[in-house]
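All remarks here apply to the structure that follows.
Lettered A, B, C and D in written order, each chain numbered from 1.
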Amino acid sequence: MDLRKTVADLHAELVRYNLVVWTAGNVSGRVPGEDLFVIKPSGVSYDELTPENMVVCDLDGNLLEGEHSPSSDTAAHAYVYRNMPEVGGVVHTHSTYASAWAARGEAIPCVLTAMADEFGGEIPVGPFALIGDDSIGQGIVETLKGHRSKAVLMQNHGVFSIGKDAKAAVKAAVMCEDVARTVHVARQLGDPLPIAQDDIDRLYDRYQNVYGQRSPR
Amino acid sequence: MDLRKTVADLHAELVRYNLVVWTAGNVSGRVPGEDLFVIKPSGVSYDELTPENMVVCDLDGNLLEGEHSPSSDTAAHAYVYRNMPEVGGVVHTHSTYASAWAARGEAIPCVLTAMADEFGGEIPVGPFALIGDDSIGQGIVETLKGHRSKAVLMQNHGVFSIGKDAKAAVKAAVMCEDVARTVHVARQLGDPLPIAQDDIDRLYDRYQNVYGQRSPR
Amino acid sequence: MDLRKTVADLHAELVRYNLVVWTAGNVSGRVPGEDLFVIKPSGVSYDELTPENMVVCDLDGNLLEGEHSPSSDTAAHAYVYRNMPEVGGVVHTHSTYASAWAARGEAIPCVLTAMADEFGGEIPVGPFALIGDDSIGQGIVETLKGHRSKAVLMQNHGVFSIGKDAKAAVKAAVMCEDVARTVHVARQLGDPLPIAQDDIDRLYDRYQNVYGQRSPR
Amino acid sequence: MDLRKTVADLHAELVRYNLVVWTAGNVSGRVPGEDLFVIKPSGVSYDELTPENMVVCDLDGNLLEGEHSPSSDTAAHAYVYRNMPEVGGVVHTHSTYASAWAARGEAIPCVLTAMADEFGGEIPVGPFALIGDDSIGQGIVETLKGHRSKAVLMQNHGVFSIGKDAKAAVKAAVMCEDVARTVHVARQLGDPLPIAQDDIDRLYDRYQNVYGQRSPR
């Protein structure tokens, strides 16, 4: 029930940072030690989410617990959990600026120290993929496996982000939109200055190892 | 009284998603089984809307119940209800990004999967029409009849959206502004990638038939 | 005390519509039948405004009642009241999009029906003027006297709007920013379509005479 | 404890004006008469900030009081306090529009009277500098020492602002983003009109000496 509450509550962060409208975005979290994850029910508004109406699926995306259907993006979440055992949380949004880069099929270049910190370089583009089978999940995993970035811009679609737990994946979704917007705005009036690869590496290394309180978040 | 409450409350969604300022936007809903609809009173602020001050009109736009005058856009709503019997809800806004496309008289191209889902293709432009007679209503119906899109950009004016009920029309208004903004932002820095017509068709078909909880919304 | 409350409360609309940051914007209202007006105190945050801390000035801008100094823009408000007896309310903001047009010294062209309704045509630019004497007030009055528009873009500065009372002036400030933003967004991707002068005239005439509840607002 | 409360509470202004996401921004205030300052703890969300969890550091950035680690930007704050004795407050944000100018390494030109008032001219760019030693602090001090501006755009990074106390530094951060946004928007559609240096000087002089209530803020 604790993870159900965590996942339900984290949707409020998507709302707070204007990453979602209506019901178009979802958070999931892997149940520690089990081949299960908790995810948003389909078509339920963010105001109505509670620990009780979250649904539980196995790693093939089959509904195990819950009165509602799981999110229509469940297959993509499930594919990520099956193929990236280090991932404990997945988030999907159509946040405006990140989706605009995705509509052009253009990666977001790393021209902000905050991007180097969080993403370790550019935020990459994944393939165009239709919902309905494992195409989206495969596109996410192919793009993010072995990549520093915790977010991928799925072409003509939106963002998927991952993390060690659901909160970390939400943080990546929030930071992805924030840097997508700032780099977009910077580019509107000229070319942002590049950051040397060496400096990107140092920033990424430091942030992953030093930042925050003792228990990493 | 239930429909009055539904229509009154749905205006809060226009406010929440920043689709309206001051009193410039309105929602209406058809009374099931009767040639009547409930609509916002004219010139009343969103904070002051209650089930009691909603007004009821017949399908010619004549005021039947209510202490206030009906919305100044009532004739357009009425025309839609008269000529599109499948429509149960109508929404009008001047939401920023959609109205900007409307000011240029330019349809929003379908370059996002969320657009294919909800609108089944581009969001079309309707004619320039003056308030005061049936011109606006005619423009809406001519443009949307037989079109997949549930929203029309009335030239130099704003958005009208329709749905099977008032909530569905509000959802279309919210999604219209969301995709209008994302496609605008995408276009600011280049050309969005097209989505193949075949893929648009599959996405639209799936979303209309599969998405959401058992009772469609 | 009623007008003090009205003027204090109307500042919340400036905040609600994001027309102001920190303390940079103010509302005033003429005391009916007297050569006095109520205005925001200088440097007091919007959260702290109460009927009690509003200040009262005569039409030369001299402080008559109040523990705080009047707004630093009081001279401009006073000049408008002295020279435009039909004006009952004045609002000043640095709202983003309107101020951006003002920074370029460019009038906002009337390409939206909502602009024709509220402003009857373009929103004009006033001269560059320094604070400290009657220059700003003169610039406002020279620009708006005999003009349909209830708002003026003071060059490199911001917006002043007027109305028959404080609420109408606030509405004009809200609508000014709304259309400034929409026309800006429209122009970013091309040229908005013009509206024929005849149609602008009809829209303006209708809106000023017909719209809203029986008591005009 | 009073300063702890002031500094904790001022973070709410960063949230209110959308200058920060997640935990990426911080406020500090110098303890009057002592070589100490109060600063945000690292990695703690804005919702959770209280007077009790603020931390106290000496001017070398060493933690003296507090259960949490100090902000990862503490070294930069400390360097400013060591080298600019007139500074009583420091703020750091990655606010969108200011950071976009910073990403291009471009100063914000003074084309708004509000900029002349608050910043006395352009908002300058500081060097690219890595976190981890005194580089950022040195860049801030080199840029702002002897400069009228209370804010600096650190290249590819974000904003640091200063003030006589924490509240004044927060005001500078808020105004910096506001003018960064307005000038950006103005520039999107052409060239803003310049303000003569003489007029900038007069505006700055007047605002620093006359504006606000008797007790300066």
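Just so it is clear, a contact is a pair of C-beta atoms (placed from the backbone, for glycine too) under 8 Å apart; a residue touches a chain by one contact, two chains touch by 3 or more.
Protein names from UniProt, one per chain: A, B, C, D = L-ribulose-5-phosphate 4-epimerase.
Computed from a predicted model, the values in this text were never measured in an experiment.
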Fitted rotation between subunit C and its twin subunit D in degrees, CA, nearest 5: 90
Centre-to-centre distance between subunit B and subunit A (centres being mean Cα positions), rounded to whole Å: 31
Cα-centroid distance, subunit B relative to subunit D, in whole angstrom: 43
Subunit A residues counted as touching two or more neighbouring chains: 188
Touch-based graph of the chains, sorted into line, ring, star, complete or other: ring
Inter-chain touch pairs (all): A-B, A-D, B-C, C-D
Residue ranges of subunit D touching subunit C (in the complex, touch as defined): 17, 111-114, 171, 174-175, 178, 181-183, 185-186, 188-193, 195, 199, 202-203, 206, 210-214, 217
Complex contact set, residues of subunit C against subunit D: 21-22, 24, 41-44, 68-69, 72, 94, 96-97, 99-101, 103-106, 128, 130-132, 155-158, 184, 187-188
